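This report concerns only the one structure given below.
Order of writing sets the chain letters: A, B, C, D and E. Residues in each chain are counted from 1.
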Amino acid sequence: MAVAALEQEILSLRKRRQLYSLIGLLLVVAVLVSGYSKSNEMNSGGFLQGLSKFFDYPGEIVLEAWNAGPAFFGLIIQYVPAMLETLNIAGVATLIGGAMALVLAMASTRNVDSWGPLIPVVRRMMDIMRAFPELIVALFLIFVLGSSPVPAMIAVAFHTAGALGKLFSEVNENIDRKPIEGLSACGASWLQRIRYAVLPQVAPNYLSYFLLRLEINVRASAILGFVGAGGIGQELRRTIGWGQGAGDETAAIFVLLFLTIMLIDQVSSYLRGKLVGSGRAH
Amino acid sequence: MIHFESVTKDFGTRTAVDQVSFTIDKPHMVGIIGRSGAGKSTLLRMINRLTPATSGRIIFNGEDILSLKGAMMRRWQRDCAMVFQQFNLVPRLDVVTNVMLGRLNAQSTLKSMFNIFSADDVNTALAALDRLGIVQEATKRAEELSGGQQQRVAIARALMQDPHMVLADEPIASLDPMNAKIVMDALREIHERDNKVVICNLHTLDTARNYCDRVIGMRDGKVVFDGEPELLTTDVAREIYGADESFNEAATSTAIDTPDASVRKTDPAGAMTPAAAAVV
Amino acid sequence: MIHFESVTKDFGTRTAVDQVSFTIDKPHMVGIIGRSGAGKSTLLRMINRLTPATSGRIIFNGEDILSLKGAMMRRWQRDCAMVFQQFNLVPRLDVVTNVMLGRLNAQSTLKSMFNIFSADDVNTALAALDRLGIVQEATKRAEELSGGQQQRVAIARALMQDPHMVLADEPIASLDPMNAKIVMDALREIHERDNKVVICNLHTLDTARNYCDRVIGMRDGKVVFDGEPELLTTDVAREIYGADESFNEAATSTAIDTPDASVRKTDPAGAMTPAAAAVV
Amino acid sequence: MSIDTLEPVITPDLVWTKVRNRTLFTMLVPLVILGYLIYTWFAFDVAGLLSKAQPDRAAILATDSVAYKVHVTKNIRRDQLEVAIEGERRAAYDDTNYPDWVQVDGSNSVVDLGEGYLVEIVDKTMNFTVPGYGVITATATNSGVDITVPPGDQPDWLKTNPKKLDARPTLDRRVQVTRTKIEVHNFFGGWENFWFSFNSDLYGMSFSQLYALALSADRLDPEYSNLWHIVHEFLDNPDWQHGEIFLALLETIMMAVLGTITAAAFGLPLAFLAARNFTPSMFMRFGTRRLFDFLRGIDMLIWSLIFIRAFGLGPLTGALAIAFTDTGSLGKLFSEALENIDNKQVEGVRATGANQLQRYRFGVIPQILPVFLSQVLYYLESNTRSATVIGALGAGGIGLMLVETMKTSRDWENTSYIIILTILVVIAMDQTSSWLRRKLIEGK
Amino acid sequence: ADNITEFRIGILGGENASDRLRAYECLEEKTADLLGVPVKLFAPADYNGVIEGLLGGNLDLAWLGASSYAKVHLTDPEAVDPVLVKVNVDGGYGYYSIGFARVDSEINSLDDMKGKVFGFGDPNSTSGYLIPSIAIPQEGYSMKPGEYFGDVKFTGGHEQTIVAVSNGDIDAGVTWADGLGEWEDGYNSGALRKASDAGLVDMTELQQIWQSPVIPEGPIVLSKKLPVDVKIKMTGLIASLNSMDPDCAYNIAAGETKGFMPITHEAYVNIVEARKAKNKN
């Protein structure tokens, strides 16, 4: 047994790998250092001089909110309908996009027996759907459909289909094929296999990606409100744009946004726990 | 009943199953033995059409089942139920549903999409579970069961398919001795009571000797032994496994030789008892 | 050498290990048997401090190892290596690295963060792999190996720790008979050659009879048998497993009784051969 | 055993009830979703919106993004004819060198729009011949426009009122007359002046000509080699601003890379604090998770306002805004991945006596590496795309360019150019990411 | 801070950023020559970018809208000083906020707007929000949604307002124009002109229903933190731009101009007051 030769090989392999890791690490550090110094230089202000001003803007807003006193809570409530509208935009977009993503993912993963020739086509489709910035699609649709929440919804749904589709198909790639084979052996059709062998396995992951996406979409819808798509974003634009004098309203909107995201986060972890179940202890 | 004609399977350059031909003409319980990689699983998977064969024919009731397609193929899959080594249950679904999945082929797709099963299905599933002595686990999730229990659920699913034939791929390989006995008893009972062909891949010779009416030995994809279990002497076994002299005499639990071949079915009554009675 | 004093472990209301006391005073190979859930794994895990004990003491060289903390505890963990049923390797790392992980305790933290091991470590790791006959797999990823090979990597990792004691939790439960023999031979060889205590949870009685110097039987967390393997008669085994009369006589490969207890170590030379020689 | 006796006895009825309840549940979920969608359909008045939709507007924008038009404008006050691409003075044809579909004779001219569509301009009068319809005549007067159209129903594409005539019989032909000017638009496919500007000495050259030029020794510009000259002319193209767009794209990528790496570097250690199996303290975990929510909830947009106030305008602001927001997103994702890891491997490492850091290094990191990598790369890609918003606010980069080409809503071809570039970059990143993952995770 | 190490100019406006940057290149060179320090140009698309830059002291010079100036002043009176304003060819320095509606809606003046939907643009815009939101109530039409108008919306910007009105999403809206030239062309300059040039709207389908009093052009402002000599030098440079380099002045003013004249905070007191008044309700 040429253990000695093997040892040499392993040692040199490890050395090479360590070298690569070192180079990789140095590269990342170099990118970070040079990138930050370059952008620091390109910025109109500097990082170090600016640190002391970090809390200026939030401070202004918080101060105004503080000065508003109990009326602040009234403001929060006043914005609930707008928040609900944004939630609706995000909700519908995530539902529609998620449903499309489900179909796309099932059609684009070899592991769940998708039809071969379709796979690359669907994958490229998802790439393109993902690559379109929501903002642009929304602006385009606003020109066509007029200002309303619907363009934002369509834009977000379109993007969601691509983004979730990719994530879903990654989940599909990692599933255990044993249940699929078990069902094939019972004579189940493709749809039945997807329904009973694939869906139960992927459901927890799908759900958590879905809820994460819902949260991302709440934020995206808020941003799209900026370009006239309604909801909380429109209010936000007004208050931020107005600046001094509307800081309490800005703060109220933020509290609302934060609460919503926190709520989704909690619901997400609760549902996940529920769906994953206890399983058998190892 | 079922007839194999030079069935062959190539994976790239490797021939996993090589010109296998034999006939099963009586509802026998057949054991297939052979070392890891001999092609046992591939053979069973070809029968159930999970793996496409490279060439050859498998004739059942005058029809070449290797040429079936679409709905007909799924129909055949329903008729020859498969029990897997790793059980291949859906871990997150509960036990009854897992068993009822055996009925999928008889179900309309739309109905099954919405998880609709009839009361009749539930009853049949419970009966199958009862027969295997695990009806009290019916509402648990499959993943919460022990290995032996899961394997019995898989057998119940196979029963639910109401098959002509049961294929079992190393059904006891990951079970402890008590569970192994329960599962083998259950298979034997299906064979005896319903008079079905049971083909069973086994890793352990003594199990084959104890439970099967006929043993087929495979090596490197070829059938190298085919006969009654009595003919399976230590030498023949060594030949099948390609083991050398140092490998002998109860060295491990699953020794290749048997100190006393006559022990087979010394307690047939025990083997016939419904499995449920054997455990708590 | 090692001394257990009413070691107890409660999980909530369930007592997994119940007042276990015994002493191992010679470098024996000890087998622990018992049905699923008897508390075998929990006992081993308490020794290695993976699971904290509820009460009791384990004395080794005059020290209560259950009260060790921090670096001292990790030092002890290094000294009593653990081999798991599921191997518990890091599947994405290559085999040598997995083996070298056995040296982590002796390594500076900073160095190990960057995956830096000395040439000497590589050398020792290869020697351990060579001893177990899998040195040619050294550069593969652990996940690419077969079960038997992975288990041997896990043993190599244990050897790398240069322990006083090896704890093995069902090391052959998921292996086929040939691999099972290889792994058990390897453990036996470590015991014989290095004169180390090996404690081994086993599911199969004949393995215990064949390989161990002393067998401990557990039931519901209590030690119900402790003695030489020769004393492990069919009746005793039934008692340990809580099996009834119908369960007997070579019903499965891993029968509870043994037709001929004297077969143990009829071929000690074979068992002592380095495992590498036994397979290709 | 005592536990066993507490379990309910399983009866067929009980099982059947469970199965049926689940069936009902399975049917209820889609119904609820459907109900919700129907509710929103009415709440957002989708039907009304669709009925008011203006697909022709979409057609205009779509045409504009893949086509360009040449304006033939007759300025009536100055009595002057001008032919220019997109009506821009910069890209006007020399009056000796009009395209051949424009014929000029003194103050009269004939514009041939092809397929029988013909516009004759005689002094202040315009005659537009539309095949299958007839001749439309419009004369600019001091107070408005006198219009004569063929008898019968007036088609949709023709809009007339006393002050203006607007006829667009096909998508690619349009004529407008007001009292000040007569304007004819002729549309052509493609992106005009894409390679070189109208005024460039390289305008209209084919690839082979350029190739020959690049090799030839006679310098067009004495200061640079011809190849340099070609590259310069291309990058400096004032209509398409290739150079600036490439720079902006680089700037955006830089922001995304810096922001994402920073977020990953902070998110990973924080994620350990938010994962149930690594941080037993409820309090710590709750705090960390809320911190993540806070970072994400504020959103990039507001972070960038905060940073503009502190650090001014520029890419640093963008990078930091991305870093702050995504520390929240990645931290959350990583902590979920950590909660899902396989404990066996950690135990294996722990049993060798490894300390905590070593356990993380060898038991945990190899397991979450795939999730780590794929999420970081996904966020990198997504940040490249979404840097538009903060770019417009003041961080610069391609986002600024994009929003502005859209705002002026005249440069849809520039918009689509930028979008296509972004998509290409995103797809390239996607490919690199899967390559990297194969390399690092599967070790191939 | 007696010495500056660089000089940072913020540029505001709806034009293409790189066009704007190019237009300011001449100023960049002159400033660099004059001050002897590197000059950087920043051209964010959003008003807030420049405003926050000025407030944080991260910009030294910018040309603001009147309302934006008021916002900066109100947030931090110590941030900037207005120094110069652009003078139009007609000698004035103002423009108008124009209310408009569709011809076929039969809305001819604000009197016809009862119960209808009215649209503003960006809340930071002087003509798109601030002035009309004060001037219209003064004419007796309350701006509280539901009181006189059926609803009052923000569309997000001038372009969006124009599109929304011509789509019929809102019944009337406001935007800016110089008030010179022909309505059919969308006046000589302004948001209407751009939209009409782009073919997005047909001006003959729209009609004017309201016009505001003249609004002063926004000031060119300098950061108060700048050393006095820098302020003097820069004011002088821009004031003399039209005579020194008319092309450069044309580029910066985005059109014909008579040049820049000095202005002080007093000129914007009304705007600031208007904005302050808005804060209270």
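Some notes on this structure:
One rule holds for everything that comes next: a residue touches a chain if its C-beta (ideal position, glycine included) is under 8 Å from a C-beta of that chain, and two chains touch if they have at least 3 such contacts.
For clarity, every value in this text was computed on a predicted model and none was experimentally measured.
The set of chains touching chain C and also touching chain E is given as A, D.
Put simply, the chain closest to the centre of the protein, by Cα centroids, is A. Rounded to whole angstrom, the centroid-to-centroid distance between chain A and chain D, based on C-alpha atoms, equals 18 Å. Taking each chain's centre as the mean of its C-alpha atoms, chain A lies 37 Å from chain E.
With each centre defined as the average position of its C-alpha atoms, the distance from chain B to chain E rounds to 82 Å.
The centroid of the Cα atoms in chain C and the matching centroid in chain D are 61 Å apart.
Residue positions of chain A touching 2 or more other chains, listed in rising order: 42-45, 50, 53, 56-57, 143, 146, 148, 226, 240, 282. Along chain B, no residue makes contact with two or more other chains. Multi-chain contact residues of chain D (touching two or more other chains): 52, 54, 57, 305, 309-314, 344, 396, 403, 409.
Listed by label, the pairs of touching chains are A-B, A-C, A-D, A-E, B-C, B-D, C-D, D-E.
Within the complex formed with chain A, the chain E residues making contact are 8, 10, 40, 42, 47-48, 51-53, 55-59, 71, 74-75, 122-124, 153-157, 160, 163-164, 167-170, 200, 275-276, 278-279.
By the touch criterion stated above, chain B contacts chain D in their complex at residues 94, 96-97, 100, 114-117, 119, 122-123, 126, 135-139. Residue ranges on chain E touching chain D, taken from their complex, read 8, 10, 14-18, 42-46, 48-50, 52-53, 55-56, 58-59, 157, 159, 167-169, 182, 184-185, 194-195, 197-200, 202-204. Against chain C, in their complex, chain D makes its touches with residues 344-345, 347-355, 357-358, 361-363, 366-367, 369, 441, 443. The touching residues of chain A, counted against chain D in their complex, run 28, 31-32, 35-36, 38-40, 42-47, 50-51, 53-54, 56-58, 88, 91-92, 95-96, 127-128, 130-136, 139-140, 143-146, 148-150, 153, 163, 166-167, 170, 208, 212, 215-216, 219, 222-223, 226, 240, 254, 257-258, 260-262, 265, 272, 282.
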